[in-house]
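See the structures that follow.
You will see two complexes here that share chain A, one where it goes with chain B and one where it goes with chain C.
Entry: the complex of A and B
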């Protein structure tokens, strides 16, 4: 049998095509095999805040200071421009529906700790036009400070008032810069990040760790034997505005 | 450039008008530079009221843009010949209004240099993405329609056939831009003033009242300044449409008030209370909202009685009243009402600052300049024929 030059080229071309085809089939096969393996266990970081323990020490703000110094949160005197990741508000403003005329007498003015709820179905994520805020695999709702265009649609969408906007350059208003966490620029939105940078190192949130009364318990809400789930099993806890269907991951033990 | 050289000849008065508009644009630009250097802190916005005059103006002018359909639809779908001149004027008004909307969104951004992230990282779940598609498409469509129509009129040839489908498409598209803009607000949980299914119908009704009212005012001004007559019958027909749209708008607002106050659900009542009677000791918007209500009723009365509607002076008063009334309701009350009280029950007063108002005026001046150039070009083509 005689092979002409033309046949040789044709055959080697076909051989190469077959090789590429085999690779492609294998790649597709591997991918479909991977997706048919059991799904990775869901992780959802959450928190239970014991309000009784929280108000044991009058005017305590250790957690607020710990969070704000860890994350380079600027301090502005003007209420209109303030930036806050974790702060306190009177009970009557946080749970307006959870009080009759009489419980208001005792509970109304008691302080409640507030932070981003890291919703299961976050409205802020849906509205962001540039995908700068999203829910991570571990349930933490996070922001890309470098992608945010500062349209503030997420602030309108958040039913909890958890988001702050940098109306001006925040850097001059940071008392002491923590070099381990980025400072922000003017014109972007920010909020509590559930200390995702600490979670990545195997540490708990800074607010929970700073609390001497152990009023803040954090953990994986999907894991039945986690500390937070044990607390939620034994005590009656409420979420903020659960009727909106956002699925807040922060629980309050009243 | 396309026929615009026709706008470069004019009387002393004309150039004085153009120069004063350019001066306002310059003042607005300087204030924008101030905002760029110091951030949005130079505005009256706050953590609680995080959108204000800019976004409100955007919303109001989407309505003005959408209202072009009020002249386009009767002319192209029902062959209502009286509107032959008004359609082109309406389309040019739409082009101007959408351009203003885009400028208002742009000056509201905290990081304007990152604006192309909207194209680089589009998020199909965000209503803002769809609003951009709707507005961009509408701008392009109306610009093409206006240019093609005017060129055909200059050459005294019939318009090319391919433009007809574009014109027909622009009709539902006009409805879509204001519907999608309403969805920006009405789909948000926890903002009870906006969380209502009749927000989009309300937006359309108020748009179909305020937009054509502005068009009537512009026609009356052209008549006085240049002697151009859009046709009294056409203007009267437009006035009747405005009257009905205004009546529907008033009806929809009253339906909202009934639901809020008869149900008595505090969350639904609070924003209305804040706007119309004051809440937690803050009354600063109350007189403005009542002025808006009063102007709407006065305008409706003037437009419903044929004798008054036929009087050119009273017609101008009625149209100006509608424009101011709906500007107050949509350009002030709607946005601030959505943010007050805040999710934590706080009432934070929002008062626009001088730089913020100057930037807004600057964008208005850009709009006035565009309308001046567009209408002057159009009128000079018509005069030739």
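Entry: the complex of A and C
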């Protein structure tokens, strides 16, 4: 069979037309599909901690106790084995840049409540080699303890020291086990989970609930009229190390 | 030719040794095929799935529960008979029904030569909870 130059040009032209037609049909189809499903609403759980209210009762640790008994956090006497979910640290160590020589006199040694910041862009998630830690759709950064291999990359990546490693079996160091939350074993990393299991039941975080001074306000940071957004609108609040670009979801009202 | 008795004796010994598992199993009453002596729950008659399915695939079910609950946040399991259960190995499996895990899971796992799953290093079974209570 022999194709003349004219036939060849005619055929290629027809082919191109058919391709263009297919593209057009698909584009129209996609547009009508997209408009029929509403845009997905983002949820991002966050917290505002009022440090002034938090200081009201000297040495109060109700929130810490509530968290630890809810989640079976072990208490080791040896600090090298300490497991931290929520804890306190002096102001001068938490916000080294946010003070002058004079404010340090007053603020420097005041306790600041610390926990996982549930970053918007969590560095721990990026380094985990087995996908054991990740940010949920609701903004909570969680750990899948079943998948954690204990490599501790995430601990190195976390700029807030919010993660602890189980160097030994934690069970003997738990005063009273809450049967409703699993303990952990030796060899996994753990941290605050923003009471993700309580959020699933429609409850708020245990620390916020236990605080009599209402120093901890939690809620959806993406919802303009949520309680936490109202607090953040009316008071001046800072994040820990915002310059790193991790986008912490925990705010401090100084 | 004078080696013949030696070779035959060696061969018999060899065949006898190689077939040890077969005749040992036939002679020994203990390894006869009987169902493992598992203790079934007293009150409940129906598990979260039909017995035949649980027998063959309970490990799959537990793993699916784990993945769905932890990774996708889907914590409710709708059973074949329409009942809803929490995908929770502590409350749904152990504290509510198989209160003696060692007598149920353990006995069958021993029988089948399955090493004890590590779930209970973290998930509480009823004994753990009561042991730690004050």
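Note that the second predicted complex is superposed on the first by the 218 of 254 C-alpha atoms of A that agree within 3 Å, B and C clash if a C-alpha of one lies under 4 Å from a C-alpha of the other, contacts with A are read in each partner's own complex, and residues count from 1 in each chain.
The definition used in the following text is that contacts are C-beta pairs under 8 Å (C-beta built on N, C-alpha and C of every residue); 3 or more make two chains touch, one makes a residue touch a chain.
Note that the coordinates shown come from a computational prediction; the quantities given were computed from them, not determined experimentally.
Contacts of A:89 after superposition: chain B is touched, whereas chain C is not reached. Of the two partner chains placed around the shared chain by superposition, chain B is the only one that A:149 touches, whereas chain C remains out of contact.
In the superposition on chain A, contact of A:174 is made with chain C only, not with chain B. In the superposed model, A:238 makes contact with neither chain B nor chain C.
Annotation for chain A, partner touching more residues between chain B and chain C: B. In the overlay built on the shared chain, the residue A:17 is in contact with neither chain B nor chain C.
Legend: residue contacts after superposition of the two complexes on their common chain; A:127 is shown touching chain B, with no touch to chain C. Using the contact criterion defined above for the overlaid structures, shared-chain residue A:183 touches chain C, although it does not reach chain B. Residue contacts after overlaying the shared chain place A:9 against neither chain B nor chain C.
In the superposition on chain A, the residues of chain A contacted by chain B and by chain C overlap at 185. The residues of chain B lying in touch with chain A in their complex are 38-41, 45-48, 50-51, 105, 108-112, 114-115, 117-118, 120-123, 125-129, 132, 184-185, 188-191, 266-267, 338-339, 342-346, 348. Across the complex, chain C meets chain A through its residues 66, 70-71, 73, 75, 90-91, 95, 118, 121-124, 126, 128-129, 132-134.
Every residue of chain A that touches chain B in the complex is listed here, in rising order: 79-83, 89, 92-94, 96, 114, 123, 125-132, 147-153, 155-161, 164-169, 185-189, 241, 244-246. The touching residues of chain A, counted against chain C in their complex, run 136-137, 142, 144-146, 171, 174-177, 179-180, 182-185, 200.
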